[in-house]
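I have a structure here, written as structure tokens, and I will follow up with some questions on it.
Chain nomenclature is as follows: A, B, C and D, assigned in order of appearance, with residue numbering initiated at 1 for each chain independently.
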Amino acid sequence: MSLGHFAYSTAHLIGATVLMMGFGLLYQRRMTAVINTYSFQAMALAAAAAWQAYVQNAPHLYATAAIALVFKGMLVPFALNWLVKQLGIHRTVETALGIGPTMIVGVGLVALSIVLVLPVTESATAMTRENLALAMSVVLLGLLMMITRRNAVTQVVGFMALENGLILAAVGAKGMPLVVEISIAFSVLVAMTLFGIFFFRIRERFDTLDLAYLETFRGERQ
Amino acid sequence: MIVGSALVSLLALALSAILFQKVRIAHALTYAGCCVVCLVLVGDGLNHMLWGAGDGVPTLVLPFGLPWMKAHFRLDALSSFFLVAINFPAALCSLFGIGYGDHAPEPGRVTPLFPLFLFGMNGVLIADDAFVFLVSWEFMSLTSWLLVLSNHKNAEARHAASVYLIMAVFGTFCLLAAFGLMAGSAGAYGFAQMRAASLPPLAGGLVVALTLLGAGSKAGLVPLHAWLPLAHPAAPSHVSALMSGVMTKVAIYGLIRILFDLHDDVGWGWGAVMMVMGGISAVMGVFYALMQRDLKAVLAYSTVENVGIIVIALGLAAAFRDYGEAYLSALALVAALYHVVNHALFKSLLFMGAGAVQMATGERRLDRLGGLLNRMPVTGLTVLIGSAAISALPPLNGFVSEWLVFQALFKGPTVEHWAMRFLVPVVGVLMALAAAFAASCFVRAYGIAFLGRPRSDQARAAVEVPPSMQVAMAVPAFLCLCLGVFPVMVTGFIATVVEPLAKVKLPAAMLGWPWLSPVSATAGSYSATLVLLTGVALMITTILVVHHFGTRKVRRVPAWDCGHREVIANAQYSADSFSQPLRRVFGSSIFQAHEKVEMPPPGDTSPARFSLSMVDPVWDILYAGVIRTVGYIADRLNRLQFLTVRQYLLMMFMTLVLMLLIVAARQP
Amino acid sequence: MVQLPPDLLNPLMWILALPLSGAAFLAVVPRWRQAAWLNVLISLGTFLASLALFSHRPEPGNLLFIDDFNIYLVVLTAFVGFTTAMFSAAYINRESKSKRLSPKHLRFYHAMYQAFLFTMLLALTANNIGVMWVAVEAATLTTVLMVSLYRTREAIEAAWKYFILCSVGIGLALFGTILVYLAAQPVMGDGAPAMAWTLMIKRASLFQPELMSLAFAFLLVGYGTKVGLAPLHAWLPDAHAEGPTPISAVLSGLLLNVALYAILRFKMLMAVNPQALQPGPLMIGMGCSSIFIAAFMLYRRGDIKRLFAYSSVEHMGIMTFAFGMGGPLANFAGLLHMTMHSLVKSAIFFAVGLITQATGTKRIADIRGLTASQPLLGWCFVVGVLAIAGLPPMGIFMSEFLVVSSTFERNPLLAVPVMLGLLVTFGALILRMTGMAFGEPSPLPGLDIGKRPSAFTYSVGMLPMGAHLLLALAAGIYLPEPLVVWFQSVAKMLG
Amino acid sequence: MTALLWGIIHTWLVVGFAPFITGLVRLVKARLQGRRGPALVQPYRDLWRLLQKESLMAESASWLAHLAPYLVFVAVWLAATIMPTFTTDMILTPAADLIALVALLGLARFFTALAGLDVGTPFGGLGASREMFIASLGEPAMLMVIFTLSLLAHTTSPANLVIFVLAGNVGLEVSVGLSLAAMLMVAIAENGRIPIDNPATHLELTMVHEAMVLEYSGRHLALMEAAAMTRLLLFMSIIVCVFFPWGIAAAEASLAEVALGLLAWVVKVSILAVVLAVFETLIAKMRVFRIADFLGGALLLALLATIFLYVSKAE
């Protein structure tokens, strides 16, 4: 039926946008750009959620969409920008792995997730399947970002991108309960992360509170 | 069942000892209790061995241990034999402990564990399934470990204890693996099922190898012996006596139980391996003993030697059985068991003697002793008998068992395989060397410690130990003589034990009155009784003749010593100087024995210093190697402790990707 | 959300309500002394309520349920929670003397303790895999807050590491959960039924095998991080080492079990699905790597709490290995090991807490001769370590015997790495323990801070340890018949 | 009945005849060295004189020092009674075999060494240490010889061994030759003859056996000397009876045969004594640490003997 097809292509389109944003995050070199890309991704996610709410006519997904739009799309980026100012974090992104290689690995991850999801044809609606492939790619890309970016804020962004992937998968899953609770739970996590960064004054590294301290720590240097 | 109740009472004793450890008399009472319980066990064992054959083999099942398996106990001829062989020395050690217990560094750490140790050992003997066996085995190690730790303030003792426990657990794991293989895929851990089961050759070989590793490490076979000379001397002497004289026998029991009862198709090749291991253990053990300066260390190393001799006999038995020589195999087993009894007797006797010396002088170093025979007559006499017995001198018991082993060994070439035929003489040489070394080792130990002039004030001030301890030493000394003079009494009993294992009936004439002629009527015989009687007759004649024709006057004079009288006691031959020739000849190559004499420059009045260094090749190669390896890996892995969160995330990511790849790989 | 069964007689309701309300209540109790004792009382109540489950087992609702498997974990959790609360009362008493914790912190601590118990019990009793996930995540958050209690740089560092690693892990676990839902949804239809475990297990054989395999990969990594399987274990040693000791005890004794429980629930779903990936080999692999890495890590530890944290990693590895082997015997062994490890390891942490308070240090090198300076404590410590090292007659020997023997039944070669790992671990533990428990005693500065503990506090501190060790000893000698039957039925469930 | 008779005669014979052999060796050596030398009966005179003298005992000596000479002498004597000399039909031969014989000699050595250590003088210790050192190589060599013979004759009992050899079952075998050589070397070492030890030395540091009995005098010394003489005779008769058993009377032999056997034994032993004397005059004493090589060689020869036995058995 036409709506089904249309619904599918639209959902696919939005999901693809989210994925593109994920790549964008890996690609950006400047902090502000990273944060903006993230907010775009969040908004795309909101759109996806809303669309799914409409298609599955599951009203509670609108709540998810709202959370994504308001909290992730606006508050968090704002908070991040504020943090960057407050803590005087470098404006450029520190990479542990160069932009190019990171992109290549990312493509590999996307390929992997597609390979993994492809055989899931029988009885699963194609919609779920494509959605799943996209979501898994986003998750893996987020994790990749956490690993390859040194800067605290970029790593938080990576974590949140990962979470976006999760929500994407969740909203895509037809009639899945608890999606709202889950997105709320995650928002709490994110809030705690930001709070922690601010409270513990994590400037450059996610790794440790104080680089020089790392060696002497852990009571193991007898 | 008497045994059960006896064991329970041991537990009760331990508990009371823990509760009342402040009360001084409690210690003595505990030991007395242990002594009684052990004697009861001896009685029960004898009863089962002599008259128990009629009313079948008593078994017992208790609802302990693994729920669906329960705990099985069984008291067959072998068990009851070892019950006797182990609990009798144990009773003596307990008796000794009554007087000696308080002289342990911290009696509170010894007395409660003593009965528990006995409990563990007896548990091994009556176990009838793998779980009970291993639990008791481990319990035995555990308690003896704590006993070794009883003087924990001393760093060597701590080191010894750790090495000991780790080796013990290694052994247990090997045994566990052996049982696991025997139980097979059915998971049949009862001994009965194991007897029934038959294994594929590979698994069978593994079982033998693992058993040798497991029980061998407990018995102290070279190269698994390293812990033994550290741990045995570190414990209080009556415990050392238990560990050396008794616990090693429990290990031998495990060996026999597994290789001759549960899994009784051991290839002659494995028998040969056992013979070689035994031979090497015998020679190396006694050679180490010959080099020791600590009285108890000498005894501990000589335990390695005697275990070696026992294992030689067992190996022979296995090889003979594999070649269908059931009768010779039985003979070798008899020899082994006889030596088990003998060693249990004289080794505990000697350790008790060492304990008495330590109590009287507070010294264990040979070079600080001397002249004790005049000051401690009873100890001196009993230890002399013990030393003569362990040196395999007629008419004492040590000789009988070694004679039997030799007789069995000389029949070795009946195993018609060139390897065996060339092996037997080599093992023969090793064993002969061991016997000869043992003699000089104990001449050295006894001569330096008990004869000559005192080398220290403590030795000069030594006094005889209390009567209870004297009795505890006198009884085994007397038995060493009896078992040497009337071996036929014992061999008969042992035959009844061996026959079910070797599945052959031993003709009574071979091991019977008046003389042992085990192989055949003409192939050599020994009648200790006749020899002794003749000897006595000759002795009487000699005395009569000499005293009739000669004078009986004796005058006490200062030692002549070729004219120049030596007043300094330390000018006597010391332990090191006694062993110097053998050390020069054998030690320099194997043990890198290195003597250094530092002469002071002319005009300097400081004394010349003699220093001696020796290394234990086994330790250097095997143990140090293992320690290095573990340390290396630990250092490499230890970096994981000091990574950054990002790197940890990376590890996580890698794991995830790996998993996903696996999933992807197994997709159509 | 959680609509509880109506009747107030349902013990399940009490089990969850008591700690939840307790958390809220303790958050406002001003005086920490009362708070400590209230904490004990509430935990006791929870424990009694959990005992009531035996007599009256509620019907599985669509959010909560009790079956053979989780009932004994619930009881175990409640019990250890109770004993730990007792110990913590004594421990906190001493800590406050040494002025390390302000009353504000203590109030927070007690509230969090109950909240933590609540989340764990919820995770155990949740019938909905989503709810289970939420509970585990909440458990993470509460423990993070408790680990950072001391506000030292080490504590914050450890908490931070714990927080980040486990959040990511949790995220992956959620993805796995979603995948499971997707696999189930075509069969079970939309909505809650497709997440209700009791319903899923009935028809799990029809689920999409590919999605299930994919899901299990994510779940194993995700929840495995919380179980502390190497190489995902990085957070565990520091979290154990830097938090207050009672928290280390419940972390090792309970939280790890809960995470493993989650994995097992999904393994059961996998097991009934023939086409799906066999979870066994993956778990065996993770188990072996944990055993090995932990075994060698033990040798270079200088911090007593990290030492035993790594030993926890090793033991979780053994359990994972056992459950990976599968089969009634191995599963039995795994369950027994779970129980024994919870009891013994928490007992050891109790001992460690008292030791560190007495000696005033966590450095192994500075602790000597405990059996001489503090006989009772020292000997309990020795017994505990011997038990955890797997010596009889304690229960862990039995479970390890079963693990190894079951491996021999399946595949003797697999037994080699396990036994090797066990031996290496044993060596490390014995060497460290000999150094700490024996030899010339070291001075006990810790006892001079404030006055020595009153006899009452002392016994309250010692009692839980003694109880745990006695239970382990009893289990090692004699397992009561009903317990066995029960374990066996669970083992059958686990397939 | 005859067995008992021969046994008793034999028992006294070995003791009574031993000093004569020693005297013979001394005399021949003296003659070879161009001295007149003592009379053949000199050893008897010495023993008698020593018996008459009172015994001096060091203050530091224990009762062991008193006991040792008797034990040592009796042990050696007992060993000597076990080894059949002129007839195999003796009451005691089944009572013990060659292994027991070696062990009895070991007993004697054990107590000699202890006696050497008892007084607590450096020389005693030196003697004991070296004696045990020599024995620890000599004894295994002797056991290996016995092993070879027992493999050959399937018995370790001397009488049966002699019977077996007399029956001519043993051809001219390499292994027998090798074991004979080994046996000779062991005999030299065990009796403290040149080149191992010099019974006539008076330079303390070169002594082994003499150093141990240094403190003895009077009847104790007499017993020790008698023991040494008996041991020499014992080893000689082992050699002659096992390797050259011709003339030894079998069981229920006639009186004449026994007398012949007796004569044959005396002659053989005397010849061996002369050979020994010649050998000793020809050779020089070796350093203590060379002894290891000497006896190691003996051990090796004995081992080779067994191996050759298999080789010859093989084809």
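Points to keep in mind about this one:
The criterion applied here is as follows: a contact is a pair of C-beta atoms (placed from the backbone, for glycine too) under 8 Å apart; a residue touches a chain by one contact, two chains touch by 3 or more.
Remember, predicted model here, so these are calculated numbers, not experimental data.
When the interfaces A-B and A-C are ranked by C-beta pairs in contact, the top one is A-C. Chain centres computed from CA atoms place A at the largest separation from chain D. With centres defined as mean CA coordinates, chain B is found 69 Å away from chain A. Each chain gets a centre from the mean of its Cα atoms; for chain A and chain C, those two points are 31 Å apart. Chain A and chain D have Cα centroids lying 100 Å from one another.
Per-chain CA centroids place chain B at a distance of 45 Å from chain C.
Looking at chain A, residues 116, 119, 143, 146, 206, 208, 218, 220 sit in touch with two or more other chains.
Each of the following residues of chain C touches two or more other chains: 160, 164, 168, 172, 210, 214, 300. Inter-chain contacts, as defined above, occur between A-B, A-C, B-C, B-D. Residues of chain C that touch chain A in their complex: 1, 128, 130-131, 133-134, 137-138, 141, 153-154, 156-157, 160, 163-164, 167-168, 170-172, 174-175, 178-179, 181-182, 185-186, 189-192, 194-195, 208, 210-211, 214, 238, 241, 300-303, 306, 362-363, 365. Contacts from chain A toward chain C in the complex involve residues 116-117, 119-120, 122-124, 128, 132, 135-136, 139, 143, 146, 159, 162-163, 165-166, 169-170, 173-178, 181-182, 185-186, 188-189, 192-193, 196, 200, 206, 208-210, 213, 217-222. Of all residues in chain A, only 96, 109, 112, 115-116, 119, 143-144, 146-147, 150, 155, 205-208, 214-215, 218, 220 touch chain B in the complex they form. For chain B in complex with chain A, the residues that touch the partner chain are 641-642, 644-646, 649-650, 653, 656-657, 660-661, 663-664, 667-668. Across the complex, chain C meets chain B through its residues 160-161, 164-165, 168-169, 172, 210, 213-214, 217-218, 220-221, 225, 231-232, 234-235, 237, 277, 282, 293, 296-297, 299-300, 329, 369, 371-372, 386, 391-393, 397-398, 401-402, 404-410, 412, 415, 419, 422-424, 426-427, 430-431, 434-435, 438-440, 477-479, 481, 484.
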